[in-house]
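Across the two complexes that follow, chain A remains constant while its partner is chain B and subsequently chain C.
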Partner chain A sequence: MSATMTARAPARRPMLDRRTLKRWMAGYLFLLPAMICLAVVSFVPMFQGIVTSFENFSLFRPGQRGFVGLDQYRYLAEDPLLARTFWQSWYFALGSVALQAILGMASALLLNQNIWFRGFFRGLVLIPWVVPGALAAMMFGLLFTSTGLVNTLLADLGLVDLGLINAAHPWLSDPRTSMPTIIMANTWKGFPFFTVMFLAALQSIPKDYYEAAMIDGASNWQSFRHITLPSMAPTILITTLLGTIWTFNSIDLIYILTSGGPYYSTMTLAMFSYNQGFGRGNIGYASAIGVVILALMAIITIVYLAAYRRVER
Partner chain B sequence: MTGFSRREVVKGLGLATGAALLPGLGSLSARAAETVKLVNVEHDTRPLDNAAYKAVYDAFRTKHPGIEIEFQLIPWEQARPKLLTMAQGDGLPDMGRVAWVADLAAANAIVPLDGKIEPSLLDTVDPLLVQQAYGVGNDGARHLYALPWFVGTQSILVNKTLLDKAGITLKDSWTTDEFAAAAKALTVPGKQWGVTLDGAGIGDPVQIFLSAIYGYGGKWVAGDPQSVTPEPIVFDSPETAAGIEWYTNLYLDGSAVPSAPTDTYKERDANFQSGKAAMAWQGPWSLLETRENFKQGGWELASMPLPTGPGGSVPPSLGGGMAGLFRGVLKDGHEAEALEWIKFLSSEEGQRLYCKTNGMIPASRTLQADPFWADDPLYKGYIGTMKNMRQMLPIWATGLEGLLDDVVPPLMQGVFLRQLTPADAAKEIQAQVIRGLQQNGVRVPS
Partner chain C sequence: MSMRITAPRTAAMTAAKHRVRLPARMVLVYFLLAGLTLAIVMPFLWLFLGSFKSSFELMQNQSQTLWIKNPTLENYQRLFREYDFARYFLNSTIVAGVTAVFATSVSAFAGYSLARFTFAGKSFLSFLILLTQMIPVIATIIPLYLWFQWLHLLDTYWALIIAYNAFAIPFCTWLLRGFFMEIPKELEEAAEIDGAGQLGTFFRIVLPLSLPGLVATLIFSFILAWQEFLFAVTFTSKAELRTLTVGIAAMRGRDIVDWGLLNAGVVVSTVPLAVLFAFVQRYLVKGLTAGAVKG
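For the complex of A and B:
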């Protein structure tokens, strides 16, 4: 009896038995090509960039790269443009991502309804996403020039007569409107990505939840607030994280529309780094700015991923 | 009777064909061995440029059938950084347009031509233009790096129809004050502006801004800009501030297109060619196309010389077409053939073919006297301003052109927007340039 009553302690399996090891090996083997590609196109240049930020590397002094320790970072800390470009980068990135998320959510909710020509509209909404950045920038440049379509429309609406706006307002050349105009262009260009991601998340929410909520007398807003948003939270987090990183690093729209002007009002860290590296030939300094951007993005990613885990739990 | 099988017939035919083709293949490979293939790089993308190059290349091929050239294009905005990074990666082409002689020479991207060309080739070219082809090499010495084949001088292009309407007559000479008054008279608020300026982008905004400053007596260095050793920079002066004030007042008075602070040369051209602006300060880069566009718009195109400021005539920028050899040619071992091409391009025959096709102004003074240019009133303003040419940037200032492209536009915009005074802008430009030159390894004496 006692023998049957005494539970035998189960034999402890080794942490890595042969079968597990074999399975793991197969997994890693399949991952290997992707990891090699990632290392070659991403990690090696990243590492090189970090090393270059400690060097005095100028395009005008070939073969004279010397180790200068933290000098580039010291110059950067003293550069009056650093603080300005830092805040403007956040203004550009967060402004764009917030608007893209709102517009993306609105269009995803609309496209999730049973409407006529739904497939057509789903295709249509993707157009801004597939338009090349340079082309989009040129289009917005023409729209927002002093005699462009936007000013003509605003004049037709009577805003000029009311004195609310100048008849030939140069949207991109006025520091008060230059960044909002670029954010608007970037929102138009990037919201379809949010739409597609949000639409996929919406379609994965079981209909039963909404039916149960309806029976319980929940309003549309309550359904959205308590069912849709919590169910979509992981997607919203990942999409906004990606959007923030991409926007923070992007320069195409700014480069073409304003080149960081007027008077540095649209200069972001990424644009600042580009100008230092390719305008002034100061690759070491540009790399130091790049490393600052990398560190900022790493912090943001860690915070987002922590939030993501919490939401998933 | 012994017949041949089908396989034997096919084999026999194959052998016979092979035997017949072998000598031909041999001569083909011999011909391929004789042909030298070179890469020429250009960075202008005007519609007529391809035709201009083709005209020169066709004539060149009749004289040098053994030299084949592949023409590559790097867009203007990207050309300088691209060539500098190509120099770092040892991936430079063989030859082509050398627009930033001082920078490319310092980066060891171009090959000195001293002793490799006959001096008579440069006899008919304005000595000031030839000076632009000199740079300071890695050895600290001054070398000739390029051969000029066209001139990028400047003039005031005007919409004569709009000037006539405003009662303004064309002049052979005028002052900066008269220019500003004309710009004001040509402005119809909200609809039409007297002048179009470009406050962003690379090249033009800095060159035009500096020309205006030089017209007021401002300058970079007090000494000889051809000196190989650094000299004190004297840009921060009351004369410079006066030049900045005059230039930026064109915008602040409302006489310039309101988007000037962020307009590049592309928008400036579009503003002028659409009738939005009556005058444009620019080089002869697309005169034939501009004249054609004007015809379609029902306007007449004319040119006037740059105005004269209190410091003397406003000097035009000395840019233009300079052909040189890139370091890539040393790897191939075809330096002699590449030299033949740049010599032909900058010869009178090459210049004539190129410039007549795309409407540029040849570097040779003999050719400038050709009726095609001398009798055309449109070119008169351009050729007239050439007598005021002055070298503005010292050749010892490594990386100065790129530095100015980065430093000047934002500070000029600051004055346009009344966030900086002209004196503050002059001071800040000088400070940033000295700091930038130090980062490029040039110690500027105080």
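For the complex of A and C:
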């Protein structure tokens, strides 16, 4: 708060004195190296990608390259895979983020209790975060093979005898279960981030609120609904925004587990673009899909920021 | 007035309530905690135990138990004998190490700028840094690939080190900004009154004071770079340049998956990360949430 106050104070002065100007310059100069690096690895490639989407350009025939206007987008609009991957991307991203947020909230509430070895459990919950995504994917590949641990456990629980599932159900190679399985793996990998953020938000809620609510005879649920949730709203929004964007763009897990198959059942827009670009060499087409993703990310960000402003107030 | 009368009574009531409710409630809490622990640990434990089983034992349907009949180090030995695993390890270490040092240095300046200086367009510039998190990798990976091809940087460490800055710099900047904000401002002001320039204050006061934060940031960016897969698999094709994640992914055969070997590979490449992480996880939580929660 005080930082923003002092931040605005010099700007209101009619004339910039030399000292202020010097501090401005220092601020810019300190920021400059990072900005140059980010321009080189993020912003310029992003614009380059937009330009490439108007070109016909094959990775395998680098000589022939030409401007084709909106052709790539026209092909894309006619591609039946576009609509399919569009909805599957949302299924993947929102399914993962919803589960991660629920699990993150539940574990944050648990770890905020006065439990034994609290520090130990708070560290433990971060384990999935440390495992590299590509390796976590392989780990889940192992768990969900037809003879994997999951099927063994389900059989032990008697689900096979009840006829609910097949004894050797291949989770990842059946189009009906491939996406839910990937969402499950992604949830495991991603929920600790939510736990950490939610736990920090929980700890910053003043204890008096709960005491006051208790005196007023509020139930646990009422305290959660009327104190915890509203206080955490900004954190919940920002975390789910970042989670949605990261998941929407993530490829590692799907690349390793299914590469978009079987029968395109786990193909997301990002995977679709990657396959087109580096699998088939259709750089122009892949860039056009990339631009579609970019536009979607912009829309999500704007919607979330609008929501954030309302919650903050 | 009424508060004063009711307060002790409620306190007594809650105390009485607690005596009855606490155990049942805590039993539920520990029960759920056990479930959470199991869900987190089980996949990795399964993998860890699997790495000590012989391939034959793993292939057998009946051996899907936590019990290892004949514990063996065969998988670990094969990892280094049949594959160039030591090389993958070295590649990952070099790439992640250089990325971490470079990104942390650049971000230290940027983080300090955002934490302390005031200038026109500051909120826009800090938003721009956050915005890089919204840019899909898929939109930048193709142009980067073409540039690296043109500069003959494909199949070199440089391609990875350069590309990794795309995620390392925003992350480090944000983290360091949080650490720098926690240093009492008075120390810097005193230094400036004593005639130290901005750069002098930064190097002599700010950096030494935030040494733990700097080390933590260094380690986190190292972990992030170590975990990366997509850039690495796209920008390298030679076997001797594979990083750990790519090398292990490449171990999956076309038809038969040698799970024992894969398990051992995942264990060897994850355990160092976990050890590093254990040292610094407190700082991560502090740094990540410093700006985010307090707003």
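Methods note: the second predicted complex is superposed on the first by the 281 of 313 C-alpha atoms of A that agree within 3 Å, B and C clash if a C-alpha of one lies under 4 Å from a C-alpha of the other, contacts with A are read in each partner's own complex, and residues count from 1 in each chain.
Just so we're on the same page, contacts are C-beta pairs under 8 Å (C-beta built on N, C-alpha and C of every residue); 3 or more make two chains touch, one makes a residue touch a chain.
Model, not experiment: these values are computed from the prediction.
After superposition onto chain A, partners chain B and chain C are found to clash with each other. Of the two partner chains placed around the shared chain by superposition, chain B is the only one that A:61 touches, whereas chain C remains out of contact.
Once the two complexes are laid over each other on the shared chain, residue contacts for A:278 go to chain B and to chain C alike.
Residue contacts after overlaying the shared chain place A:169 against chain B, while chain C stays out of touching range. Using the contact criterion defined above for the overlaid structures, shared-chain residue A:260 touches chain B, although it does not reach chain C. In the overlay built on the shared chain, the residue A:112 is in contact with neither chain B nor chain C.
In the superposed pair of complexes, A:177 makes contact with neither chain B nor chain C.
Once the two complexes are laid over each other on the shared chain, residue contacts for A:223 go to neither chain B nor chain C. Judged by the touch definition given at the top, the superposed model places A:231 against neither chain B nor chain C.
Chain A is touched at more residues by one of its partners, and among chain B and chain C that partner is C. Applying the stated contact rule after C-alpha superposition, one finds that A:147 touches each of chain B and chain C. With the shared chain A as the reference for superposition, chain C clashes with chain B in the stretch 261-269, and the other listed options (189-197, 261-269 or 369-377) are free of clashes. When the two complexes are laid over each other on chain A, chain A has residues 141, 147, 277-278 in contact with both chain B and chain C. Contacts from chain A toward chain C in the complex involve residues 3, 6-7, 10-11, 23-28, 30-35, 37-38, 40-46, 48-49, 52, 106-107, 110, 113, 115, 121, 123-136, 138-143, 147-149, 152, 188, 196-197, 199-201, 204, 214-215, 234-235, 238, 242, 245-246, 248-249, 251-252, 255-256, 270, 273-274, 277-278, 283, 286-287, 289-291, 293-294, 297-298, 300-301, 312.
For chain B in complex with chain A, the residues that touch the partner chain are 81, 84-85, 87-88, 103, 106-108, 138, 189-191, 199-202, 257-264, 267, 276, 398-399, 402-403, 405-406, 409-411, 413-414, 416-417, 419-420, 436, 439-441.
Here chain A touches chain B in the complex through residues 58-62, 64, 141, 145-147, 167-170, 172-175, 178, 257-264, 267, 275-282, 285, going by the rule given at the top.
Residue ranges on chain C touching chain A, taken from their complex, read 6-7, 10, 14, 26, 29-30, 32-33, 36-37, 39-44, 46-47, 50, 61, 64, 106-107, 109-110, 112-114, 117-120, 122, 125, 128-129, 131-147, 162-163, 165-166, 169-170, 173, 181, 198, 202, 223, 226-230, 233-234, 244-246, 248-249, 252, 257, 259, 262-263, 266, 269-270, 273-274, 277-278, 281, 284-285, 288-289, 292-295.
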